[in-house]
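When the chains are written out, they are named A, B, C and D in that same order, and each has its own residue count from 1.
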């Protein structure tokens, strides 16, 4: 049996003016378990707290009820008071007789009666409280960043600068991501490489950062503060430690049939290649599907020509096991394939290109060395038509339902750069809406129209076809002029919809981090916790959470880093003790609780159970207390009642219900 | 049926000889020919084995206990189509050790309800044999022939599918009879159309018959908890018997809720109820609701969601048409 | 109150209403109603739960068993759950439970789910008033009341 | 035709066609793709827009409802599943129905048949001019 003390607060006149506090204290004294009751003007004041402390000592109280303001206000205060007086902080319950009673009722009798009932419910609950201890787990002071684009690099740099170790895992042979492929960036038109490559170098040289390029995350176990991650380092067939990056091998490779991924396949590369000049690490990789040595066993020119004996055909995939305290997802994006949009003729006509391909065509390091020429005959195009929303905002299932967000701005950029460099080129842009919310964004778009004379046409393209004389005929509607027009163009540029990177879904499953139907990672709270995943210890950076441009990506990368630093700065993680608990004697191991847990906190283990009559090995649920957040979804999914929530047990809630329903005067 | 039973026996012998199985979960002849019961046949002794028109019992739930020990070898379980759904559920919920079981899907042409025959006035049955769709009833007062189809179990009247799930082998299953033409939601719809007080009276009159024998619970493949919440003194709702009307309701509402979305509609609860309470109508209501509100989903309805789910107020709006 | 039985009988019917509120949204909404002095029926008593998905149908039935006349569940708006998906489960569970109560002829008007955010103090107060009014109109819980353990 | 009658007809057109014009995001791709655009006074996107605004009279009276080839390219191209061709078809039906009899009978087909006329055209014409 508990020995409970009841403390009724006046809150000055806030409570006492409408609630007869003396009567409440008196009435509650006769409740089961109550051995002491008192009222005081301000329970939360030092004197009030001392009153509670001395009552706990004098009456050997095991639990207390404070009838006062909302627990959201002072529950923590009174828990601390109880703890200082030597009883478990979770032996405290608050009856909210201010917000829920004195402030909303005017009639003294009514309010007093209600306060008594609320007090009774709290007493009934405390009678069933048990001491709870906050779980503690150590924090591994190392972070993992998955994805080496601008988001991943920025997050890693920020974390590393704070003094923590960071590993970047990038599936491609180099870091840099999509931004490395871009020519200029909107709205300032500074060159992407000029602002990105220094960051890439900084990441590579940072003493706290380890790069795992050409690597993928294989397996993730553990929980916040203590993740165990297995990383697969794919074989490059070039020894990174020996290679000097001289490029001798790449120039000697006799196979030239490979499509240069970095240039969007617009030109070729050897079977052994470095993706681009500023690649980090500056170490080649062998494409085994293309390599003659791997296909026929004969060749090996690269190996023979390597001055530092770095080429190693026998290299195998390596596995690295590492522990991390936090994981940042920065898997970025890709663009959709356009096979569902044959009306634009992307797969039929060489001169219909995606915007990312156009970036490469404009880029000084691109296949045409920055001279804009169309892919079919390398002539400079005189008329270019840009089409926006290709696959974005499409509800038919062919494309993506969402707005890709970045296309309006980069199309304006492309149009502007084209007119700047080749003023004799006519540039048309078909648009549905021009969406330019952002600092200096609309000004940028207006400059394209007003200063550069880009023709914006409100309407969509219905068909692109060949006129048989090397021109592309672009037929679309001009809604404002109410006419259908056909433009004779030399080149068509499609703003293909963006999509989450293909690796994201698999990774989401591995991390038990929730995703939306578009494979974008969901944030813990759409407004208040935008860079955290609902899964504790997993953070989101960049496009993987939803479409973003570079400034937003960098901002979010920094925010994610700050969250990671905040986590890693702690030596121990204290966890909420009000978490779920499975009774292994009753659990049937049916997995229903696991399916409703939003946090993946429930696992199953073959456990020896012995209830005195039956002894057996059985599959039972185990709650990982460090991961459980205590929502209680599992407790209702569990039919046998084996799953209960500490601090809000079934019996406690039953007791509260019973106390409230009890007949008055009974 | 006798022919099928013989073939099944041969099949069992073959499997036993091949060392694939060590025991058989099947039905054992009773005294009168209509009272076969679940039985584990061991050591190849199949003398009392039967599979007849009265083998309605679903054997899948026995697999929880029977498959527990790894050392016992494999047990063969005979499953009619509707039995396999419960079997699949038990497997999905890790309640059985599937690797210790050999599930044999067997044909079913509908099972007979002996109570219905008795109610029709036939007394003193001593023996029953079958000839195609005819049942030959030997009674103390002479012989009588009846059509099997007229005395099918309620659950067989609304047989919805002859699909077998999760079986290791299907045996002669092309001999399955047709599925029923009746709409299994018809009874539920009829009840839904009643006024609120009529519904209340109906269920009151039914549930007050409940003697809390727990047969419905014990036979149900979805009610497979190691310890039922109503048996657990610590749960706060434990009750060995119904102390009052409320507890009758409570037990059945909660039981229906606990199996909601997991119930495979095998109809066993109603078949075994000694008080003939149409318990399947509670479960079937949930099946109907789920179908109407959420459509077909792979996961049990209460273990998943979509962000576009209907609000609970849909219940009030739906009810407005028939107060 | 045996002595003044006559008085009690004439006294206005005071329903017993339990409101289960999730800690993050609806309980905070109730606090806001309080600090805004937005009065609502004193018949409503709040029980705090971490999330609406903690509410077991057994709690609701238990309340009716012990003499409650109405039970209302309040949680974060769908999509805003503190635990991200808890209230989606609540929505399904309660839809199906209420449908079953209706099917058994038990007055469905006595149970309700409302989504009330931490910013909706006014909505909290209005909802509770409206619900309490409804229950008052319905009178003492009979269908479940008759079955009640006395 | 009063305003109300016109509104009623619009509602009917939406029911017949099953089109939900509120799904339209006014991109104009339907009209951009329409092969019969120059022949039509009103264009696919205008049909969607005007019917949703309750202005069906002009559409019913225009020749555009007969100029539509029913090629369904607008339906195929629409990124929002709006189905403009269906609404054109519905407007045509509303214009045709009260007139009753078949406006193109199989007997007449013989006379207008020649080697250059594609079969699809005849099929489309038949669908359009008869009930």
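As a convention for this text, a residue touches a chain if its C-beta (ideal position, glycine included) is under 8 Å from a C-beta of that chain, and two chains touch if they have at least 3 such contacts.
All values derive from a computational prediction rather than experimental measurement.
Any chance you could check whether A-C or A-B wins on number of contacting C-beta pairs?
A-C
List the centre-to-centre spacing of chain B and chain C in whole Å, with centres computed as mean CA coordinates.
37
Using Cα averages as centroids, what's the distance between chain A and chain B in whole Å?
Measuring from centre to centre gives 46 Å for this pair.
Report the inter-chain centroid distance for chain C and chain D in whole angstrom, where each centroid is the mean of the CA atoms.
Chain centres of chain C and chain D, defined by C-alpha means, are spaced 54 Å apart.
Taking each residue of chain B in turn, which ones touch at least two of the other chains?
If we look for residues of chain B contacting two or more partner chains, we find 237, 302.
In chain A, what residues contact two or more other chains?
Each of 596, 637, 650, 654 in chain A touches at least two other chains.
Which of the chains are touching one another, listed as pairs?
Chain pairs that touch: A-B, A-C, A-D, B-C.
Using the touch definition from the top, list the residues of chain B that touch chain C in their complex.
It comes out as residues 191-192, 194, 196-204, 237, 243-247, 249-250, 253-254, 256-257, 260, 282, 285-286, 289-290, 293-294, 301-302, 305-307, 309-316, 318-319.
Considering the complex alone, what residue numbers of chain C touch chain B?
57-58, 61-62, 64-65, 78-79, 85, 88-89, 91-109, 112-113, 143-144, 146-149
Report the residues of chain C in contact with chain A in the complex, numbered from low to high.
1, 16, 18, 23, 27-28, 30-31, 33-35, 37-40, 42, 45-51, 53-59, 62-63, 66-68, 79-80, 82-86, 89, 93, 125
Considering the complex alone, what residue numbers of chain A touch chain B?
Touching chain B: residues 585-592, 595-596, 604, 616, 618-619, 637, 639-642, 650-651, 654 of chain A.
Within the complex, which stretch of chain A touches chain D?
It comes out as residues 343, 389, 393-396, 398-399, 430, 432, 458-463, 475-479, 482, 484.
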